[in-house]
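Note that the chains are named A, B, C and D in the order they appear, and that numbering of residues resets to 1 at the start of each chain.
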Amino acid sequence: MLSLIVFLPIIAGLIILAVPSSQKQIIRIVSLLAALAQGVLAVLIWKGYDPALPGITAGPGGSPLGSFQFVEKIPWITLNLGSFGPLNIEYFIGVDGISITMVILTALVSAIGVLSSWTIQKQVKGYFILYNILAAAMMGCFVSLDFFLFYVFWEIMLLPMYFLIGIWGGPNREYAAIKFFLYTLFGSVFMLLVMIGLYFSVLDPVTGNHTFSLVAMATQSNFIKDAILGPDNVMWRYVAFIVLFIGFAIKVPMFPFHTWLPDAHVEAPTPISVILAGVLLKLGTYGMIRINFPIFPEVFQASLFVIGIFGAINIIYGALCALAQKDLKKMVAYSSISHMGYVLLGLSAGNSEGMVGALYQMFNHGTITAMLFLLVGVIYDRAHTRHIEKFGGLASYMPVYAAFVTVAWFASLGLPGLSGFISEALVFVGAFSSVTTRYIAMVAVLGIVFGAAYLLWSLQRMFLGQRRPDAAYDLVAGEDGHEHIHFHDWKGKIDLDGRELAMLVPLMLITIFLGVYPMPVLGMLTSSINKLVEVLSPVILPQL
Amino acid sequence: MEQLTPIGLNHYLTISAFLLGFGLFAVMTRKNAIVVLMGVELILNAANINFLAFSKYNGGMAGVMFVLFIIVIAAAEAAIALAIVINIFKIFKSVDVSSIDTLKE
Amino acid sequence: MSNTTYTVIFYLFAAITVCSAAFVVFTRNVIYSAFSLLFTFFGVAALYVFLSADFLAVTQVVVYVGGILVLLLFGVMFTNSIMNPGQKSEVIHLFPGFILLVGMIGTMLYTFYTSNGWKATGTTLQGSIVERIGYETMSHYVLPFEMVSILLLAALIGAAFLARFDKREN
Amino acid sequence: MHSLIQLSIVVLLLPLLSFVILIFFNRRLPRRGDFVGVGILGTAFGISAYIFWQVIVQSYDPAFRVAWDFTWINLGNVPGVGPLQIRMGVVIDNLTSIMLAMVTLISLLVHLYSTGYMAGDKNYGRYFAFLGIFTFSMLGIVLSDNLFSIYIFWELVGLSSYLLIGFFFEKESAADAQKKAFLANRVGDIGMWLGILILYSQFHTFSFAEIYAKLAAGEFGLSNAWLTAAGILLFMGCVGKSAQFPLHIWLPDAMEGPTPVSALIHAATMVAAGVYFVARIFVLLTPDALHVIAFIGASTAFMAATIAITQNDIKRVLAYSTVSQLGYMVLGLGVGAYSAALFHLVTHAFFKACLFLGSGAIIHAMHHEQDMRWMGGLRKNMPWTFATFTLATLALAGLPLTSGFLSKDAILAGAIGFAQVEGGGIYYLIPVLGFFSAMLTAFYMGRQIWLVFFGESRTHLKPAETHHAAHHAHDSHDSHTDLHHAEHQVHEVSWNMRAPLVILAALSVFFVYSPDPLDGGKGWFMKMIPTPATVVGQANPQKGSLIAAATATQLAGAVPEAVVGHAAAGELPNAASSHGQATSAHTYSDLRQAEIVHAGHAAHYTAIYISSVMVLLGIGLALVVYVFNIIDPEKTALAIRPLYLFSLNKWYWDEIYQATFIKGSMVLATTLSWFDTHIVDGMVNGVATLVRKFAFFNDSFDRHVVDGAVNFTAFTVNTIGAMLRKLQTGKVQTYIVMLILAVFGYFVFYFTRLIY
């Protein structure tokens, strides 16, 4: 079932490969069907998921499958490396509470992304093939429980992203694409090193061979004592943790490594921004939770404070940068830097509230930011500019759009009743409850105000007040006496059309519903998170 | 005159050496095919001298017999060679060896 | 005859041989070289006599002077118009030629006079060896003898075939 | 589930229903569906009135409290904590039922009023929808039984206030105002949120009841400083919402919203929610925190009053008076006059709503003229409005026989008592400020009454350009732009705007609350809302209780009575045994509190005298200035110009904030983004450039050295080949030469070997 949901887009890609590139509509419909089927599968998985099983580590009796669900485990690559012993890489996938939310999010966002890709006119065939590969790779990252498999998917993901930005992007796309690619590759090289190191220091408790299985790695007793990353090599474990953390932090993106994000977002086409912000950023934090922390729990405990500091920096720094932006999309990009900061802060809390909040924030940020970027795309399609100062008074002329923007903006600034609030609140609750990060949380709370500031300010400048003299649209007196808005070379509906509504309404409903009643998602998280916190709990801090 | 050294093997060898050298020189340098042939004859004679000298000073008849055969073969050789030279002359209207470089192709 | 005259005569003939050979090589006139070759052959024949191979000396004179030299002269006459004597034949590779001439001769002489690998054994051929040649020819060397005769035959036929003019040509 | 709970939940959800209906279907409904809002609010008010009847009137129980909650978020079995749940719930006690009735009533009246006031606006339906969601959130604050849900609804009222302030969003000023309001509230909410977090981090629960129980059990793990900090931080929420100094700046600007909204949100209910919240958390406030609260309240009351006396916009005067009155309430809470503060909350809600609605009627009649300088002489044209407005003004000024007198006097009495207990000195500043503000209140309200209703109409005096500017300001949202060219015909407003005025004015009279026009303490309200027992008293001995111990003689009287607790339920307690009455509700866990209440009742009549004198003084001053024109206001203004400007420009708070925080954060933001694009990203690009440089160098090395070697080999081979080709002349002799050369070479080699 998981394999199906992972490889369905690939199948769609193959079908598209067969379709002549002139049949744009067929291509679009094929990938839309694939995405919808993915969504259906995701719902089925969600239905069949038993939230009681925690996952994270090996299950009762040390069964290698752990308490994961929908597990598929077959040997993939088995070589005999002679002196290195047998190299066995497994096709080992499965979900637990942490990954299933991300799986659902991925299915949702990629379906939305296909809809939003409808306007792509340039090389439709190639676009959708790459898009489907991307969707498959993302899904694979979230379900794979074998480090090598994870790494493979992780790398596969880069390439389509590079082309999607570099070919279908904005004026400065090559720069952005290369920057994104190099940055992420830089991170994943580190990951590769640590992966190999781990392979040689972990034994599968059952077969007794070296293994890439993340489940086995998550149990400290499976480590060879004097291996390179064994429990004795404290320093190397620290190094590996930091290196791996940087690898993921680049994806998050964490403060010093974040500059690829605004460029990539500004240049990427709308659907790719949606995917990028909606899913790809989550891979960073997901990787930390799934790989980084359980494998090096004691280092994690030792570095809580630092992670928290970086989280707070992300929150406030991102918010302030967003406050200064003139380009709407860039502002949204910085806002997602700020919001991912909440995730880091919640992780740094190290307790259940914080971690649940962090994961829930990942989910909500996925939906909310997808909404934000879609809305930015809507106005960009019409006005061909994203300059905030070039609008004003739009609310009078595009009421539906204004309403959606208002809800999305308020969801993003964490208004109660919308899902963003609960996750931020839980993050702060956790961060404050943990003695380590208490004062960090006190500072990070400022982010709430700055967030409100830049969002409300942009809202005012674009939608409230009167039309600015240098606005990107004209006002023409309609036959009914009222003034109507007119965009140059925009034939379509002025206000949101059906396709855009079809993209936005589901996201909005999810946002509101999860803001009122979060348990559908939280219920899947809690047991896994509590287990994770137990796994991370040994607070014997080995001194470096 | 007693102090004159008696004629020994080396004297003959020396002569043959000179003949050989001159013969080679002729073969190498002269353009006229006939002179080249003469060079060849000189070389053969040098060889003959050697054979005979060794067979004289070492006893045995092998050298003598060889020289005999060599002379015969040299006669045949000379006949054939001259025939060839004449044919060459007929084809190229010249006996200039250096102008005959069809081997190059 | 006394040892001294013997030696003097040897040197005389040696000088004739070498000088005439040198003249053969170094003169530009084909006719001259042909004629000086005659002297060379004579010298060599004389040396044969010194080497107590009188029969061979005779053969040398007969074959070379009587046969080969005549052939050569014929060749010369065929190929060069006899009307203008003193016609020259050019040389090539003069420089490597000289180098090699000097070099070869030098090395050989050096070898002969430094290496005494072959000291003459006591037994030397004495007196005439005609009957021994005959004996050897018919005993040991009968097969080569026959071969040579066949060869000669073939050579004569071949030479005749090669050298003949055919009507069509002129 | 208790039946009242069910009813209260219905009350809570009805306005939400109205919001949902109106936001989606208002264009399809007749009259844009305003009747839906009014009808639903009427139902809600009916139900809450029934609850009020049940709880307060029919069977009063001082300890009445029914609560119900459900698991909202279940975090499962959290390691280190055990099963952890975040529960949501509603609670109904006496205070809640009173607040319910008050909120729904005022909301209903405002709905009714708005049908007239907003008639013809192009977003008429949306307006009622917003009113609905506001009422929903406000009721949520009132009903919620835990800090978390209070915070949620706290933000939601912020949202609805944002939406309603910016209802005329075409006006830049409105857009600015709404943003300002939301941000100022957010700043306050941060503090409140941190306070909540402090409590949660200790108790892992948000519920009031559990927190108080654990506090009383002394389970608070941190030091008392943290508890004080928690109190002050929670109070910051009130500072933001109730526009206390220093976050008061947003409320006057909020008057950009439609006037009924100002009446409902920015006078009666939402801004009072801050006070209500402080009352909810009153029991965990340490004396230090209370001192801070008291001082902030006093300073707010004073500052706002001083500003109000010079404002010309009729709504701004009322806005500042609101701030000032809120300051009173906070002051009351701070000094421990718990019931008095809440009493003032209720009374103020009614008469201030009445004032705003009245001013709305005036503005409506004056065709959106808001500047009092161009009004005047309206009493003849608008008698109903005049009567109700004046009555409410008297209540606000605090003249006897009005509700405002009862409550304000109670607060001031508590302040005096507090000052006595705390040992005088600086603490006397609080009652002094209070009384002075009372005088100022009387003065500026008298000024307003006079400017608006008496004298002659001064409309024609208005400078033309400002006149037209005013038109431009509002004709984007104003439907009736007809009479602007001609002289205004000012006429009384229609019934649906008149009725609320009358009702509210009627609710501003003393007998609604107390049989004794001079003593609110005898009224039902202050009897039924007694000061709750603090839960931090014994846990942390503070100055107050030490003093209490020192002045044990007084307590010798108070405490035993408390212990005996002669529950004087029926008989009206008199001033002599007032402390007995006060303590009869329950026994105080903190001596200091008992003492303050006692002293407050003792100081009751002093307060009455002083405040009455002050009020009369103020009104007299107003008369002197504006009626008899003995003092010319303009001349006075010129005489004390600095002070005048200081007050007119609202103590320059906006400018200060603009210069410090806003500009500061903007500068910081631009700096950071410059830093981001130039330094951080610059580093990245720098590294990239370095790598590129190295790559180029590497490339050239490759091309010239490595590749060069290959080419060189090829070249050499080529040349050698070309050289050797020369040898292949086809001349036999050449070959011979070579052959012999070889042989000779062999010779040479051979012989050289022979030599050695």
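Here is the rule we use: a contact is a pair of C-beta atoms (placed from the backbone, for glycine too) under 8 Å apart; a residue touches a chain by one contact, two chains touch by 3 or more.
From a predicted model like this one, the values you see are computed outputs, not experimental measurements.
Engineer: In terms of Cα-based centroids, which chain occupies the most central position?
Structural biologist: Of the chains present, the most centrally placed is A.
Engineer: Quick one: chain B and chain C, Cα centre-to-centre, how many Å?
Structural biologist: Once rounded, the distance between the two centres reads 6 Å.
Engineer: From the C-alpha centre of chain A to that of chain C, how far is it in Å?
Structural biologist: Computed value for the inter-centroid distance: 104 Å.
Engineer: How big is the gap, in whole Å, between where the Cα atoms of chain C centre and where those of chain D centre?
Structural biologist: Whole-Å distance between the two chain centres: 135.
Engineer: Starting from the mean Cα coordinates of chain A and chain B, work out the distance between those two points in Å.
Structural biologist: Averaging C-alpha atoms per chain gives centres 98 Å apart.
Engineer: Identify all positions of chain B at which a residue touches two or more other chains, and write them in rising order.
Structural biologist: Each of 24, 28-29, 98 in chain B touches at least two other chains.
Engineer: Please list all residues of chain A that touch 2 or more other chains.
Structural biologist: If we look for residues of chain A contacting two or more partner chains, we find none.
Engineer: So which stretches of chain C touch two or more other chains?
Structural biologist: Residues 92-93, 96-97, 100, 104.
Engineer: Okay, what are all the chain pairs that touch?
Structural biologist: A-D, B-C, B-D, C-D
Engineer: Inside the complex, what are the residues of chain B that reach chain C?
Structural biologist: Residues 1-2, 4, 6-15, 17-26, 28-35, 37-39, 41-42, 45, 48-49, 52-59, 61, 64-65, 67-69, 71-80, 82-87, 89-90, 95-96, 98 of chain B touch chain C in their complex.
Engineer: Considering the complex alone, what residue numbers of chain D touch chain C?
Structural biologist: Within the complex, chain D contacts chain C at residues 731, 733-734, 737, 740-741, 744, 747-748, 751, 754.
Engineer: How about chain C: which of its residues touch chain B in the complex?
Structural biologist: Residue list for chain C touching chain B: 3-4, 6-7, 10, 14, 17-18, 21-22, 24-25, 30, 33-34, 37, 40-41, 44, 47-48, 50-53, 56, 59-60, 63-64, 67-68, 71-72, 74-76, 78-80, 89-94, 96-98, 100-102, 104-105, 108-109, 112-113, 118, 120-121, 123-125, 129, 132-133, 136-137, 140-141, 144-145, 148, 151-152, 154-156, 158-163, 169.
Engineer: Within their complex, state which residues of chain D touch chain B.
Structural biologist: Per the stated touch rule, the residues are 728-733, 736-737, 740.
Engineer: Taking the touch rule as given, give the residues of chain B at its contact with chain D in the complex, in rising order.
Structural biologist: Where chain B meets chain D, its residues are 24, 27-29, 36, 97-98, 100-105.
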